[in-house]
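One structure is given below, represented as structure tokens, and several questions about it will come after.
Order of writing sets the chain letters: A, B, C and D. Residues in each chain are counted from 1.
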Amino acid sequence: MQTIIENLQKHFQVVSYHQQRENLGFLIASKEVAVGLITHLRDYEGFAHLVLLTAVDWIEDEHFQLTYLLHHPEKKVDLGVRVMISRENAEMYSIHHLWEQARTYQRELREMFGINFPGSPDVDKPFILEGWEEIPPYRRDFDTKEYSEKTYFPRPGRETHDPAEYMKKKLYPNE
Amino acid sequence: MGTIVTKILYALLTLFIVTNYGLILSGVVHKIGARVGRRHGIRFYQPYIDLIKNYTFRTRITHGIMYYIGPVFRLTGGIGLLLFLPVIYGSPVFDNFSFAGDLTFVLYFQFFGVLGMALGAGESGHPYSALGVSRGLAQTTAMELPLTLGVLALAVQYHTLNIHDIVAAQQGSILHWTLFTNPLAAIAMMLSFLAMMGRSPFDVVLAPQEIPIGPPTEYHSALLGVLQLNRAIFPAAKLILFMNLLFGGATNWGELIIKTFFIYMWSVFVGIAYPRFRVDQSVRWYLGIPLLIGVAAILVVKYF
Amino acid sequence: MGKEYIEKRTVISPEGNPIEVDPLKDYFCDAAPKSCKSASGIIEKFANWARSESLWVLGFGTGCGAIEMRPLMTPRFDAYRFGIQWRPTPRQASVFVISGYLSVKTLKRVVRSYEQMQNPKFVVALGSCTINGGMYWDSYNTINRLDHYMPVDVYIAGCMPRPEALLAGFDKLKHIIREGRGEGANKYAENFDWYKGNQKKIIKDWDMPDYNW
Amino acid sequence: MSKKLLKWNEDRTLFPEKNSEGKIDVDYDSHKFMKIWHGPQHPGITGNMSLELTLLGDEVMDCETHVGYLHRGFEKLMERRKYIQCFPIVCRVAVPEPDFNEYCFASAMEELAGIEVPEAAEWLRTLVLEMSRLQSFLAWMGGQAGSLGQGIIGQWTIYLRDLILDRFEELTGGRIYHMYMLPGGVRGLLPDGFRQRMTENLDEIDRFMKDVKKVMFDNAVFKKRTVGMGVIDPAWIHPFGITGPNARAAGVAKDVRKDNPYLKYPELDFEPVVGKDSDIYTRADVRRRDLLMTVDLIRQIMAKIPDKGDIRAKTPNVLHWKVPAGETYSRAECTRGEYGYYMVSDGTEYPRRINVRGPSYTHAVALLEKMIVNANIADVAGLMVSLHTYPPEIER
């Protein structure tokens, strides 16, 4: 794992590297070099298998984190490439030419996070949702509970509690 | 005048008995299939309840007048086949309208229902119906070839086109059955019989996993009831036909029930054990060995 | 995805003649359903008995409850004994088993399948998620109450209900039908506007006729 | 000679030419093509999804997979639940094998929180995962035979599956959803007499699998329908992200249990089952041998599993459990391929983001759309089932 990273640092500027466990590491790459880095990893280092592509919404820092998790079939190690992109007009270069299934992931991200991948086939087609009019649902500022209560005729009689407080009230009322 | 009225009344009596027999038989066959799968299966009288239920639906929609032709033709094919068969050999009551050329007639009625279904189901406009119809026609055409060759071999063998005479020729001993006197024709016809009963491996026409459920996709309520009624009569009539042609006919109802039951079991056992052919595979299969056997049957009868 | 397939357009027929097509009007019958009178007295009772003893279930696994439908139809529980059978097309089925949560996208298909079934038709809803949302009560994509969108005869609670519970539910449904209370289809026809309003409220891209037979 | 005579000389000049993308230009106004929807209301579909097929004659010219009928927004729901509240809902992500969700969730969380699971709990987890694989394979086998019209296999295998579900019920209290693998351990030890009954069930399965082999795998019609159908080129494995038996049938020995060993798999003796021809038949056969291997693995586990011991590590109060910030990915080998959870924690009581990587994600969309082209419409169901796709894990 360490040799791969050292190799990588010769060609690319790797911002930070974090070893989660012996066969899994995460590094941060900038948006511009990310696709080149991933191509390099696939073609020269042998990370041939794209495990997943997903996004994390860091709403406080005003950016999305895209995670490309790559797997090395021979060395059995994983490398996560994290790319931070701005939350405003979120856009990322497409990798559908590298892996066939990437277009499915990119369609999903387009729909659920509103991240655009120009050039990816069918990226604007609805994938999971149908006739969705709100902001993309996986964004942190979308409140699913409020939307559900507003839309789906909740059956009266359901009570919800915060489990910690409810338990405290039930079990230790005197404290 | 009096004779024709009694004849019609007798025919209706036959129809009534055979319908009930067919309904119970389909229930029992379901049960046998279920037992192989370690189940109890449906109650043996379940087909009656299903029939009643289908007739008591309150709404019915139509796809135009041709749409009704499907079930009507299908039922006509079933009843027509039965009415021209001598059901019980030697009994004036259950002899039906058997006449000198009924063997050709029977072959025609066998195909009649399929054609009617094709017309009607095509009218419903459902793509699965259309797919099912084209599959059904292709497979029936292929399956008819060995069957017709086998029947012609029998006609040549017995020098008659009358089923009654064919049955008469087989009386006396079990060795007089066509099964033993002309085994090649019997094999060709019994292979065709598999597809006639619409069970695996030749049930791609109705394959619920691919084209649920083929031609009858759009038929519902009373129209489906008519089809279901036919599903009881038609197999029973076909069983009686094969019993008459190959297994020496029956001289009483007990014999008929035993013989037809075992003939049915042939297709049931094959059906349970095998997955289904694609339609092109089943056409190829019928144009292969069964067709050759059919040709051989005719040649054997003609030249040996 | 464009919706041009439901817009009015001109099609060239195989003979070369142009034909005006308005798919929603021409391909479907969109007349609202009518409530059907039941027969009287003993005939209706007999019919109800037949209906209750021959429940043809539509083979539409809408949610995770579908996984318990297979044990239900196989050796251990064998629902065939009670006259419950599969039917692959909605035209021929009389019972719609909503097996679990319904997302909005599925609800649209469920409504269509339901409307294609013939009167009388019954709905059995499995799982807590059809009753009040269950585990997914706060999800943005699953409905909370099925009875706002179609009349439900029997609810079977649980996540997920065991096959024994399903058998008990079907037994209850039989009782309801035999007592003549299984009039969901008529209820749907009588309160058609209310049901349609609820459906249209959540199904945003409504690209089908209001009622399709 | 006779074979050549019977073989139709297929004239493909009538078929339209493919364009540069490998697809044909479909012109519906030419009245040559038919568009057909395969699902969601369709008995031949696995789960609740639909295929939009474009047909020319009997042949599929183009296919588009539509998913999303089962979308419940799990990843969103988990963001507004505490970790322990996520625990009961994760198993609902995929119905046929809920335990893999529980395991991946629990192990990702334990890794972030730095908790060591006791040995007995690890053995029990291994046992439950293998049992889960076994029942899923059995359910699949019935589906594969059923998709080709052989319903009897389904009756037998679902009967066998019920036996395994009984053992699950005995061990965990649940038939389908077990909620057994808590973060930090498991909920209970083996009940009395469990081994005995499990051994009897495994013997029963062994006995039935011999019949299944005879009726299904040695069947001439089954072979005719499946041999040479739906071949996955080994070169597709990495571009499409194919994992599990689908990859192993193509000769690539990819098995997470061997590659990235987890739980007690290093102590068990097994070799990944590998096929050669990569058609439907080989995939089915690989799964059958995998099933028998799973039976063998359960026997090995039963011999080694401790009867008592600590089954739960010490965890903080679960209602106030703040998992340290970080991110990780934990994976396991389920019947369909690699199952994984990607978990991001921001140091609060609520997970920041959890992403589920279901193997069907790639199999059912990109791969199926490619494979199904030029298949006969009658083979669509068999082809789809042979990939063992399951929609809920695509859309969650």
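Assume a contact is a pair of C-beta atoms (placed from the backbone, for glycine too) under 8 Å apart; a residue touches a chain by one contact, two chains touch by 3 or more.
What you are looking at is a predicted structure, and each value in this text was computed from that prediction instead of being measured.
Shared contact partners of chain A and chain B, listed by label: C, D.
We define each chain's centre as the mean of its Cα atoms; on that basis chain C and chain D are separated by 29 Å.
Separation between the centroids of chain B and chain D, computed from CA atoms only, is 42 Å. In whole angstrom, the spacing between the mean C-alpha positions of chain A and chain C is 37. Residue positions of chain B touching 2 or more other chains: 37-39, 208, 212. Of all residues in chain D, those that touch two or more other chains are 42-43, 68, 71, 73, 76-77, 80, 155, 159. Counting only residues that touch two or more partner chains, chain A has 126, 128-130, 137, 142, 144-145. The set of touching chain pairs reads A-C, A-D, B-C, B-D, C-D, using the touch definition from the header. Contact residues of chain A toward chain D in the complex are 20-21, 23-24, 26, 48-52, 54, 56-57, 67, 69, 73, 76, 78, 80, 99-101, 103-105, 126-130, 137-138, 140, 142, 144-145, 163-164, 167.
Those residues of chain B whose C-beta lies close enough to touch chain D in the complex are 33, 36-39, 127-128, 131, 200-201, 203-204, 207-212, 272-281, 284, 287-288.
Chain contact summary for the complex, chain D toward chain C: residues 29, 31, 40-43, 47-48, 68-73, 76-77, 80, 88-89, 92, 95-96, 139, 142, 154-155, 158-159, 161-162, 165, 175-177, 392.
Chain B contributes residues 30, 34, 37-43, 46, 49-50, 52-53, 56-61, 208, 212-213, 216-221, 224 to its touches with chain C in the complex.
Against chain A, the residues of chain D that register as touching in their complex are 67-68, 71, 73, 75-77, 79-80, 82, 84-85, 111, 236, 238-241, 254, 259-260, 319-320, 326-329, 331, 338, 340, 342, 344, 352-353, 355, 357, 361-362, 365-367, 370, 395.
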